[in-house]
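Shared between the two complexes below is subunit A, which has subunit B as its partner in the first and subunit C in the second.
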Partner chain A sequence: MLENFLAGTGALFGDPFTIAIFVFGVVGGMLFGAIPGVSMLTLAAILLPFTADLEPAQGVMLFAVIYCTGTYGGAITAILFNIPGAPENAPTAFDGYPMTRKGQSGKAVGAAVLCSAIGGVASALVMMAATEPLATWAIRNIGPPEIFALVFFGLAVASSVGGRTIWKGWMSVLLGLLIATIGQDPVGGINRYNFGFTDLAAGIAFVPAILGFFAVSEIFVQAEKKATGQFDAPKVGMSFPTVIELWMHKFAVLRSILVGFFCGILPGIGATLAAFMGYGEAVRWSKNKEEFGKGKLEGVISSETANNAATGAAMIPLLALGLPGGALTAMMVAVFQMHDLEPGPLVFYNSPDLIWIVFAAMFYANLSILFIGLIETKTILYLLKIPFQFLAPLILLLATIGAYISRGLVLDVMVMFAAGILGFLLRRTGYSIPGIVLGLILGKIGEQNFAQGMQMVHYDLGTYFSRPICSILIVAGTLTLAAGLYRAFASSSNTA
Partner chain B sequence: MGQLGKSHLVEAGIWSLIVAIFFGYTFEFNQPIEIYKFGATGWPRVIILLLLVVTLGNLYHHFKNGSAIQKGRVGIAETDEAPTDYSNPATLAKIMAILFTPFLFAWLLKPVGMYSGAPFFIAAVIWLFGERRWRWIVGITLLIYAILLGLFVVTLNAPLPQGNVSPFYDVSGFILKMNTQLQQLW
Partner chain C sequence: MRKLLVIGVAATMMMAVGGSANAFECKVKETSMDKPGGFPERALTMIVPYGPAGGSGQVAAAMAEGVTGLTGVAINRDHKPGGSGTVGMTAYMASPADGYNVLEHIDDASSAHALDSSRPNPAEDLIPLVISQVTFSQIYIRTNETRYNDWDSFVAWVKAQGGKATIANVSKEGSMERVTMKFITDATGMEIQQISFDKGAPRYGALLGGQVDALFEQPGDVRKFLDADNFKPILTIFDERPSVFADVPTHREMGMDFDPLLRFRGFYVHKDAPADRVKWLQWAFQRGYCQDSYQAFNESKFMTVIDSYRDTAGARELITRSIAQYRDVYKSMGMDVK
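Up next, the complex of A and B:
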């Protein structure tokens, strides 16, 4: 492994053009992740056609680097403005933004930098050491029934955070799932809920929906505060977390690495569910649960470690099985195909150089998060000093471009602003925006895998539950829902 | 009526309406799929049923506790919880203007295009956010517009809506022609 890694490092840093692409990917991913309104997906969508002119290894490496650094970059806007750069950064905002309100933005961003790097590096190391055995294990043990079970468990966990009551948490997730049913059904391709708009046959694209629910709704919330004279500019805090503070959360980091890696390795699941589950597990194991959501460092640490730990793991099903774990890894498949390559088991034998350049680049990209992140953090914190009336139009304009670029449809811009208004109203009434977005993202994956799973087990629940991973995850999810229900009724009887 | 208020009933009514509309619409695509027992409607109908159940649960919570936050909930942004006074019609008008100006901009994107519409949109948002110093409005509008052109047009060659009505289409054409000439200089 070490020999291959060194060979990959040599190939990566031996050619000035490849170095330039690597640096571009690192800086571009961080920048697009950190600019409110656009994300790494926007950058990837714009760059996709240009990768045809690159060497296959350079093209795939560029996207892998953007994936690592963009996942971190989105944490910055989540912490500073309550606008997650990507859905995987949504749980980071739960505690990151309250920390900013308390003048601890430096501490939150510093922890995000460090934990993103730790999660990413750990994941890259495991990926290098065990891609082939893990892929073999995954192909033998993980199928549609297990993926559906994990989606169920993830949604059960997600509904327990965010939302004023457990009912509103569930309603948020179910609304997301309902929106995800718009478009063609994943089994028969039958059009559902297009309401007469032909463009809706392709479904609601999740990039505009995410931008609307997160970025635009936050602008509207702040606008409301401005209009009613309640606007209070967030405070700039430059103090970084101390070594002792970080050491105190070593178990949270370790737990989130495991959670992130497990979620990342499963096709179609990716970093978003990893971040939610990392955060959910941190709440579950904490002795001071009530402090979460009010500016607890552990919240930021858990979510940011988990989402970056998923990035390396997400490459395993992609490279070893040819199955993308999310939108960005799906674009990587397109990069492979542009160069007449197919990701899958054969790529390890036919193009080992490509694989090890990508592995080495991901390792160094995660290290770069630490160094560049720490250097840029103090500069980025000054974004908070820009008056919001000047920042708002920039964010709205960038969001408009981000929504339009992905499919070139004005309808997507309309969907984004409609989601912004809906998000604004739902937040005012105590619903969970991250819950809606997670439902939206996992809805199609859940339905598709449920359908395939049921066909596999011939609609026999006994066979379904005889699969150990399925039964564990379904039982864990059901217990999570039952605990939520119990707390809801206990809370009602206490108050009544 | 317990602690149920008018807003709670309206909220429950809206959710029930969503449930009714989405359930009613399932009959539009209620076709069997040969290879799949539950068809195209199975999954949405289960979601709709669950949504109805939790809507009733939510109503029960409101009946017992009003709008109180359930004990032990995490991940609720403080900014979402602050009460807002809408008694002043001017405030309400301002909020409505902020909510619908982006929608108007999106609606005008097809005929007017991004290149001609963006400066007016930027200036309008700055104004709606309370800035009244016209020099700042113009200066920041130009700065943001320059960032838009520099990053997405010159650097990334991103395809943005050009509009389909004269003279807006001509403005877009002029900017794109200038960009092509600039690219040729390199």
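Up next, the complex of A and C:
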């Protein structure tokens, strides 16, 4: 492995043009990942035709690098302005933005940079060591019932995040689940709750909903404070997390690497579920669950480690089996095909040089996050010094463009503002915005896999328990749920 | 040894595909055409009702490249996925009928109209510029499957499972896949659970990993798994055996007497667009089909195995026939045909 890695490194850095492509991918991924709506997918779609003129290894490597750095890029705007660049950065905003409000922006951004790099590098190392056996294991043992059980397991702790009480937390999650049912059902294609609007047949898209619930509702909250004389501008915190702080979170990092890697390896799942599950596990294992959603460093660490850990993992089913894990890896299939190659088992035999250049590039791209991220952080934090009356319209403008551009539908802009108003009202009454977003995103993934799983087990729920991984996750989720309810009842009794 | 065997099989298959492709002859002889009144003087917009990475996204990109290479006119692709193509179709119908807006769509538009006549009829409410991909479906199993190895043994095994056997497809209400599966199950008397996966990767992964027993798909979409010797077809749902799959029986040979429903992807323009602009677009897209880059793309997708080309008249005939066929079967299935 080391020999192949060094050969890949030599090929990557032995040619000035290849180096230029690598640098372009690193910087481009970070920039496009940071702008809401204009994601790394936008950059990839723009670049796709041009990859035909590149060497096959250069084209595939460029997309792999964009995938790594683009997944990280959205964390910065999530932390500083409550605008997740992409759905996989949404859990980062849960605690990252409250940290910014508390003057700990430097700490949050520093943790995001470091943990994205750690998650990505660890994932790249495992990818290099065991791509083929891991891919084969995943498709043999993980099907729709297991993915549904994983989502159920994740949702079981969702009520703990951000709500004033556990009941309000649950109401928020259930509202998110309800919103997730808008649009065609995932199996039969039957329209639900679209009220005659054709555009709603596709459901509520993640990007406008997230922009509305996070960015727009936050603008409304701060505007209200400004109007009532309670506005307190966020302080620019330049202190990075200390080595001791990071060491104290070593288990959170390790856990998120495992969770992110596991989610990333599943075909069609990818970094979004990884980030939410990583965050959910941090909540589950914490003794201070009530601190999540209010500015806890562990929340940022868990989310950002997990989503970047999913990037290397998502390459495993793509390269070993030809199964893309998400939209960007699906575009990589097109890059392969432009050069008369097909990702899958034969690519290891036919194009080993290409594979190792890509592996090496992903490893160094994740390291680049660390160095470039730390350099850019020093300057980007000063954006917080822009007065609110200038910053708010700019954020609203960016969010509006981001909501529209993702699908080119005015409906998405309306959804964003509706979510913003709803989020504003719910936050005033102690409901949890992270809970709603968790419900929305996990609900869509969970419903689809539940329906497919039910078809696979012939509508016999008991059969779920004959599948070991599935039954372990459902039992663990149920126990978590029961423990949470017990604590809630106990707390209510004590209060009474 | 196994690696060598896999490579050998793949190489043989690729050679077979290359050797069996139909000799291509462009049916549009004019290599250039004057722009009517200077049209188009700016880039065209192509609405694609599916994401950029899927089959529609890829064919849209390939055709855009072909047309741009031929005419020098840029084409901006605007992806509007969702609702089995209805979101993109609605957006297209609301766009100006000035010839600058074109639409990519698949046979889903025909089946949607068959089920609900208030939905646009692609043959009448739109003008087909060209249908550039026509393909058939097949049933696949894993190559290393031990429980069955051909269509007969598969049917026997499925019947023995008492409805517990599974097949992965895109089995949304009224879809081509579901209708075809109804034809097959009616004809064979077997009962099989259809598992609907709307994305390709989980669908193919389900068969690779043994989560399902078989897969309903078109050959171009699973070519890499055929080349890698992961999947093998056991039934071709087409009237004759394509030479590439000469050893795979057709549904008719297996005693199933129904007209196969084809998967097709094509390009359209508003019926109210100015006639001279429509004529230029028809030339550009039909000739774009002949471009080397587009032909190479179709070749890579197994889309030259049968005739993939339909001009405007041929497209209308294919669409109208498909709509009638869908409507008949929907009625026989007791569905609410509007």
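In this section, the second predicted complex is superposed on the first by the 345 of 496 C-alpha atoms of A that agree within 3 Å, B and C clash if a C-alpha of one lies under 4 Å from a C-alpha of the other, contacts with A are read in each partner's own complex, and residues count from 1 in each chain.
The criterion applied here is as follows: contacts are C-beta pairs under 8 Å (C-beta built on N, C-alpha and C of every residue); 3 or more make two chains touch, one makes a residue touch a chain.
Computed from a predicted structure; not experimentally measured.
Contact with subunit B, but none with subunit C, is seen for A:227 once the two complexes are overlaid on the shared chain. By the touch criterion defined above, A:408 reaches both subunit B and subunit C. After overlaying the two complexes on the shared chain, residue contacts for A:483 are found with neither subunit B nor subunit C.
When both complexes are overlaid on chain A, the residue A:390 reaches subunit B alone and has no touch with subunit C.
In the superposition on chain A, contact of A:201 is made with subunit C only, not with subunit B.
In the superposed pair of complexes, A:130 makes contact with neither subunit B nor subunit C.
Of the two partner chains, neither subunit B nor subunit C is touched by A:472. Touch criterion met: A:434 reaches subunit B, while subunit C stays clear of it.
Taking subunit B and subunit C in turn and counting the residues of subunit A each one touches, the greater count comes from B. When the two structures are aligned on the shared chain, A:455 is found in touch with subunit B and with subunit C. Residues common to the contacts of subunit A with subunit B and with subunit C across the two structures: 187-188, 190-191, 408, 451, 455. Listed in rising order, the residues of subunit A touching subunit B in the complex are 46, 82, 91, 93-94, 97-98, 101, 161-171, 174-175, 177-178, 181, 185, 187-188, 190-193, 195, 216, 220-228, 230, 279, 283, 289-290, 292-294, 387-390, 392-394, 396-397, 400-401, 404-405, 408, 410, 413-414, 416-418, 420-421, 424, 427-430, 432, 434, 447, 450-451, 454-455, 459, 487-488, 491-492, 494-496. In the complex of the two chains, the subunit A residues touching subunit C come out as 41, 45, 48-49, 136, 138-144, 183-184, 186-191, 198-199, 201-203, 267-268, 317, 321-325, 327, 330-331, 333-334, 337, 340, 342-346, 349-350, 407-409, 448, 451-452, 455-456, 458. Interface of subunit C with subunit A (complex): residues 3, 6-7, 10, 51-54, 58, 61, 65, 78-84, 86-87, 90-91, 163-164, 166, 171-175, 193-199, 201-202, 204-206, 208-212, 223-225, 227-228, 230, 300.
Here subunit B touches subunit A in the complex through residues 11, 15, 18, 22, 25-26, 29, 31, 33, 35-40, 43-44, 47-48, 50-51, 54-55, 57-58, 60-61, 64-65, 67-82, 84-85, 91, 94-95, 98-99, 102-103, 105-107, 109-110, 114, 118, 121-122, 125-126, 128-131, 136, 140-141, 144, 147-148, 152, 156, 158-161, going by the rule given at the top.
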